[in-house]
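The structure is given below, and queries will be raised subsequently.
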Amino acid sequence: MTSSDLLDTALALQMKEAGELVVKDLHLLRDVLKRQAHTHKNTICIGRSHGIHAEPMSFGLKFALWYDEMGRNLERMQKAIKTVSRGQISGAVGTFAFIDPAVEVKVCEKLGLEPAPISTQVIQRDLHAEYMNTLALIGASVEKIAIEIRHLQRTEVLEAEEPFTKGQKGSSAMPHKRNPIGSENISGLARLLRTNALASVENIALWHERDISHSSVERIALPDSCIIADFILARITKILDKLVVYPDNMLRNLRLTRGLIFSQPLLLALTQKGLSREQAYQIVQTHAMECWQNNKDFKQVISEDATVKELLSRQEIDKCFDESVGLKHVDYIFQRVGL
Amino acid sequence: MTSSDLLDTALALQMKEAGELVVKDLHLLRDVLKRQAHTHKNTICIGRSHGIHAEPMSFGLKFALWYDEMGRNLERMQKAIKTVSRGQISGAVGTFAFIDPAVEVKVCEKLGLEPAPISTQVIQRDLHAEYMNTLALIGASVEKIAIEIRHLQRTEVLEAEEPFTKGQKGSSAMPHKRNPIGSENISGLARLLRTNALASVENIALWHERDISHSSVERIALPDSCIIADFILARITKILDKLVVYPDNMLRNLRLTRGLIFSQPLLLALTQKGLSREQAYQIVQTHAMECWQNNKDFKQVISEDATVKELLSRQEIDKCFDESVGLKHVDYIFQRVGL
Amino acid sequence: MTSSDLLDTALALQMKEAGELVVKDLHLLRDVLKRQAHTHKNTICIGRSHGIHAEPMSFGLKFALWYDEMGRNLERMQKAIKTVSRGQISGAVGTFAFIDPAVEVKVCEKLGLEPAPISTQVIQRDLHAEYMNTLALIGASVEKIAIEIRHLQRTEVLEAEEPFTKGQKGSSAMPHKRNPIGSENISGLARLLRTNALASVENIALWHERDISHSSVERIALPDSCIIADFILARITKILDKLVVYPDNMLRNLRLTRGLIFSQPLLLALTQKGLSREQAYQIVQTHAMECWQNNKDFKQVISEDATVKELLSRQEIDKCFDESVGLKHVDYIFQRVGL
Amino acid sequence: MTSSDLLDTALALQMKEAGELVVKDLHLLRDVLKRQAHTHKNTICIGRSHGIHAEPMSFGLKFALWYDEMGRNLERMQKAIKTVSRGQISGAVGTFAFIDPAVEVKVCEKLGLEPAPISTQVIQRDLHAEYMNTLALIGASVEKIAIEIRHLQRTEVLEAEEPFTKGQKGSSAMPHKRNPIGSENISGLARLLRTNALASVENIALWHERDISHSSVERIALPDSCIIADFILARITKILDKLVVYPDNMLRNLRLTRGLIFSQPLLLALTQKGLSREQAYQIVQTHAMECWQNNKDFKQVISEDATVKELLSRQEIDKCFDESVGLKHVDYIFQRVGL
C-alpha cells in the first residue's frame, strides 16, 4: 500500500460526497423549476430569437426547458459520481506486487466504492476530468438561466426580477434600480467551472505509472469547482424560487410591435385561401412596413385591406392575431418532459 | 541549416504579414469609431449598469471607450508583431555548429526580421503565444462591441441596429425582425480566438531542444485565428460604419423610469441646502417609491413636496432633472483619449 | 418549420454519423490494445513514478490500462451519440404553434433520431458540449499513450519505437534518430480537442429562445474536432499495431540501478524475520547508499551483510530480487478489465 | 464617486503591488539563470530534438535560453503592471456627472496611478486580462524549465536533479528514487495560470456600462494566479539555484550512440573533399547502420573505410567527431542575450 493508494481512495470518497451534494442541489432546483413551470404554464410572453421578438409562447416553457436540461445534468452527475467512486490499493505501480488484491476489494467494499479494475500508482485522471466536465456543463446551464434573468430584469423589459426582501426595497431612493447581482455573480462563476475543467483534462496525460503534476491542480480546482457548483445551484434555486414575475409587462412587451409578430400566421391564412405566396406576401409586407414606420396597429390596418377583408372573416383575422397561439401544445410538451 | 530553421523563419514572415493586416484593420476600425464618437458626442442616452438604468450619458462615449481600447489593442498587436519578427538559422540544436551565425544575421536582415538572440532547433513558442493572446484580447474587445449592439437592437430597446440594405428591408413581412446576426457571428468567433490562444500557450513547454507537438496546433490555430481576427475586425467596422442609430428611442428609454434616475442629484441638492442625509433620503425615497409603484412622474411629484418647494427653486429642481448632465465632461474625456 | 429546425436536425445526423466513426475507431484501437496486452503480458519492464524507477511490472499492463480507459471512452462516446441524436421541428420558439408535433415525431422516426423533448428555436447546446467534451477526453487519453511512446522512444530509454518502413530506415545516415513524430503530432492535436470543447461549453448560454452565436463556433470547431478525433485514433492505432518493442532494453533499463529497486521487498523480508523497522532500515539504507554512490550491485553487497546472511537464506534473498514480481497478478488484472 | 470607483482603484494598487513581486521574482530567477549559464558554459551535453539525440551542445545554453525568455517575461510583466496601474473616479457611468475629473487626477497622482483615460462604471477588463495572460505566459515558461528538469532527472538520463538536503538523502532506502516533485508541482500549477487567464479574457465583454459578472471570477482567479506565479517563480529559482548537475552522466549519455550523432559532419567533410552527396551518403549510411545494429563504434568503423581513409586525414576525422563542436559559438550567443 502506498500513500497514493490512500490519497486517491480518500479523494474518491470526497468527490462522491461532494457530487451527492450537487445531485441534491439539482433535485431541489428541479423541484422549483417544476413548480414555476406549472405556475406559469399559461402566462403568455413573447418568445425571442436574436434578442428580437419572434412569436408568443408560454413563460412556463422556459422553466420546462431548464427542468429538462437539469434532468440531463442530473444524469450526467450521477454517472460522474459512479465513475469516480473507485478505490485503489494496488501498490507503487499498480501490480499488487506486495499486497493482495483482496485487500483492495475488501476496503472498497467497506467504503462503498468499486475497485478501479486497473490502476498505476494512481487512479486514472479521465475519471476526475469527466466529473469536472460535468460540473462545467452544469455551470453553463445555470449560467443560461442567470443570463435569461438578467435579460428579463433589464429596465426596458422588466418581465421578471430577482427576489428582494422588503427591507432592500424600502431602503432605496432608486426603486427601479434593482440589479440582478445574484445572476451576474453566477455568470462569472460559470466561467471558472469550465476553465477549471480544462485544467483537469490536462491532468490526464501523466507520465508512465504516474507523475504528481495533477496534484497541485486538483488541490485548487477540485474543491473550488465543487464549492462553486454547489453555490450557484443553491443561489439560482433561491432566485427562481421567489422570482418576481410581471405578466402585465410581458403582455405590454408582446404588444410592442403592435401586431407585427403575427404577420406569419396572416401570410399562411391568406395563402390557404388561395392567394399565391407572392400575392399574400405583397399585401402583408406593404402593410407591415407602413405600420412599422408609422407606428400603426397592424391588425387594424390589415383588417381594412380590401383583399384581406374579402378572403378572411373577422374571426379568421382574430385567429391570426391570437396571442395564446404559443400555448396550444404546452400540455403536450410538459408531458414530454415529465412535468 | 535545418528545415526547422527555414520553417520558423517563414512562419515569422507570415505572422508578421498577417499581423500587419490586423493592424490595418484596427486603424480602419479606429477611424470609424472616431467618426461615430464625434457624430454622437451630444446624443443623450441612458447609461446602464447591471442592465438597469443608471445615469444619462453621451452615446458618443461608447465609441470613445472602444476607440481607446482599440488603441491599446493596436499597441499590443504592434508589440506582438515585433515579438514574432524573429528569424533563425542556428542549426539542429541552436549552436551554429555547422553554420556561421553571420548567415543568420544576413538572411534576417534581408527578410526584415531580427535574429532570435538564442534558439533551440526552433524559435521559442512564448513569442507565438503572446501573439495569439493578443488576437484573443482583440477578439474579446470586438465581442464587447458586438454584445452592446445586440443589446441595443433588442426589440424593447431599439436604440441602434446593424445596417441593412434597402433590399433586405423591403423584402420582409416582419420589418421589426432585423436580427443582429453580424454581431452574433462575432460573439461566437471571439470564443475560438481565446481557446486557440490557450492551445498556443500549451505549446510553449516543448521537450529539450524541441519536440514537434506545437506544429499540429499551429497549422490549424494560427491561420484560423489570424483569419478570424481579420474577419471580425472588418465585420464590426462595417457594422459600426453604417450603424443605424435611433436617438429618439434613446430619449424614450431614458424617460422610461419617469425621472427616477435623477433621485441622486436631488438627494445631493437637498443635503446641500442643509437637510441631513436622513431627512433628504426619507423625502426622496417616499416619493420615489410612490412614483415607481403607481407609474407617476417623479419630477412632478417631488415639485409638489412642501419641503422641497421650500428649499429648491424651480430652476434648481430643473437642474436636478437635467438629461444632459452626462455631457458635461465629454469634451474633456474626448481630449483625454485623443479624439 | 424554420430553417433552424432543419439545420439542427441535419447537424444531429452529421454528429451521429461522425460519432459512429469515432466509436468504430475506438473499437479498432481496443482490438490492437488487447492484442498487444496479451503479447506483452509477460514482458518485464520497470514501472516508473515521477519518471524514476519504482518497481518491475508487466509491459502488457500498460496496454491493459489503455484498453480499460478506452472502454470508458467508448461508453462516453456511445452516450454522447445518443445524447445528440435528437431532431427538432418545433417552430420559431419551440411551441409547435404552426406545425403539428406529429410531424416532428414522424420525421425523427424516419431519420433514426429521437425528438428533443423540448426545444427553443434550436436544440439546446449542452448536448453538443457533452459530445465535444467527450472528444476532448478521448484526445487526452490518446495523448497519454502518445506521451508514453515518446518517453519510451527517447535515446536513453529506447524500450519501444513508432513503426517505420524499411525504406525510412534504410535512407538515414542517422539510424538512431527515429523521431516519434506521429506521437508528437497527436500530443499537439489533443490540445485543440480540449480547447474546442471549451468554446463549445461557452455556446450553451444562448439568449432567450436562441441567438446564433453558437453557429460560427460550431462551423469550425465541430468538424475540426470530429476530424481530429478520428485522425488521432487512427494514427495511434497504426502506431500501436506495429509498435517496435525492445524487451532486452527493458531489462537493461530495469537493471540500471543494480538492484536498488528491490530495497522495499528486502526491508519487508527483514522485518518479517523479526528485525525492528529501524534496524532493518538502517542495514538496507547503509548498503543502498554505498551501492548508489559507488555503483555496486546491491544484491551482492546485501548478500555479504552478516545480519542479512543470518536471517535470510539465499533463496529468500533471491525472492526479494525477483524481477518477475510485477507479473504475479497480471492474470487477475487482465480478467478484471475483460482481457 | 461610487464604490466601484474605489474598488477598481484599490484593485489596481493590489495588482500593481503583486505584479512588482513577480517582477522581483523574475529578477531573482534571472540572476540564478545567469550564474548557472556561466557555470555550465563549457559543460558538454547532448542536444535533443523529439527526445532523440541530435548534436552536442553547451549545457549552459539551456540556462541562457531561459534567461532570454525570462527577459521577455520581465518586459511583459512590466508592461502589464503599467497597463493595470490605472485609477478611476468617474461616477456611475463614467461621465464625471457629479464629481470633478480633477479629483480623479489628484487621487491617482497620490496613489501613483495614471487615471484611466476613459471608463464606464469600471475600468475596462482588457487591462486585467493582459495581466493574467502575462502570468499565463510566465507560467508556461517556468513549466518548460520544470519539464526539462523532470526529463533530466529520469533514472535513465540522470544529468541533473532537484536539490535535496543531506537529511532527505540519508533517510532513504531507495537512494535512486529522488523524485522531481518540485518541478511536477510547477507543471500542474502552470495549467491553472493559463485556464484562469482564459476566464479573465471572458470577463472583458461586460454589458453596457458594466455588469458585475467579472467580480466573482476576479475574487478567485486574480489572487490565485498572483500567488501561483509568485510561488512557482520562487520554487523554480530555488531548484535551479542548487540544481545538482552530473556532467559525467552527460558525457556518458552523449556517447550512448557510439558516435552516430556525428554522421552529419562526416557527410559534410566527405562532400567537401569532392564526393557527390549520393556517394558520401552511401558510405556513411552503410557504416552507420552496421554500427547501430551491432553496437559498434562509428568512428572506429568509419576510420577503417578505404574511401574515407583516402579522403580524410586522422585529424580531419577527429574534427568530425569533435564533442565540443557545440561550444564553438557559445560566447557569441551569450553576448547576444546579454550574459
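Every chain is named by a letter (A, B, C and D) in the order it is written, and numbering of its residues begins at 1.
The definition used in the following text is that contacts are C-beta pairs under 8 Å (C-beta built on N, C-alpha and C of every residue); 3 or more make two chains touch, one makes a residue touch a chain.
Source: prediction; values computed, not measured.
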(request) Go through B-D and C-D and name the pair with more C-beta contacts between its chains. (result) B-D
(message) On a CA-centroid basis, which chain has its centre farthest from chain D's?
(response) A
(request) Could you tell me the distance, in whole angstrom, between the mean C-alpha positions of chain A and chain D? (result) 41
(request) Would you kindly tell me how far, in whole Å, the mean C-alpha position of chain D lies from that of chain C? (result) 28
(request) Please work out the Cα centroid separation of chain B and chain D, and write it as a whole number of Å. (result) 32
(request) Indicate the residues of chain C shared as contacts by at least two other chains. (result) 48-51, 54, 150-151, 179, 181, 184, 187, 194-195, 198, 202, 207, 211-212, 264
(request) Under the touch definition given earlier, write down the residues of chain A that touch chain D in their complex. (result) 150, 179, 181, 184-189, 191-192, 194-196, 198-199, 202-203, 207, 211-218, 220-221, 224
(message) Which stretch or stretches of chain D touch chain C in the complex?
(response) 46, 48-54, 150-151, 153-157, 169-181, 184, 198, 202, 253, 256-257, 260-261, 263-264, 267, 281, 284-285, 288-289, 292-293
(message) Looking at the complex, which residues from chain D come into contact with chain B?
(response) 47-51, 54-58, 61, 64-65, 68-69, 72-73, 76, 79, 83, 91-98, 101, 115, 117-121, 124, 126-127, 129-130, 133, 136-137, 140-141, 143-144, 146-148, 151, 187, 190, 194-195, 197-198, 201-202, 204-212, 264-265, 268, 325-330, 332-333, 336-337
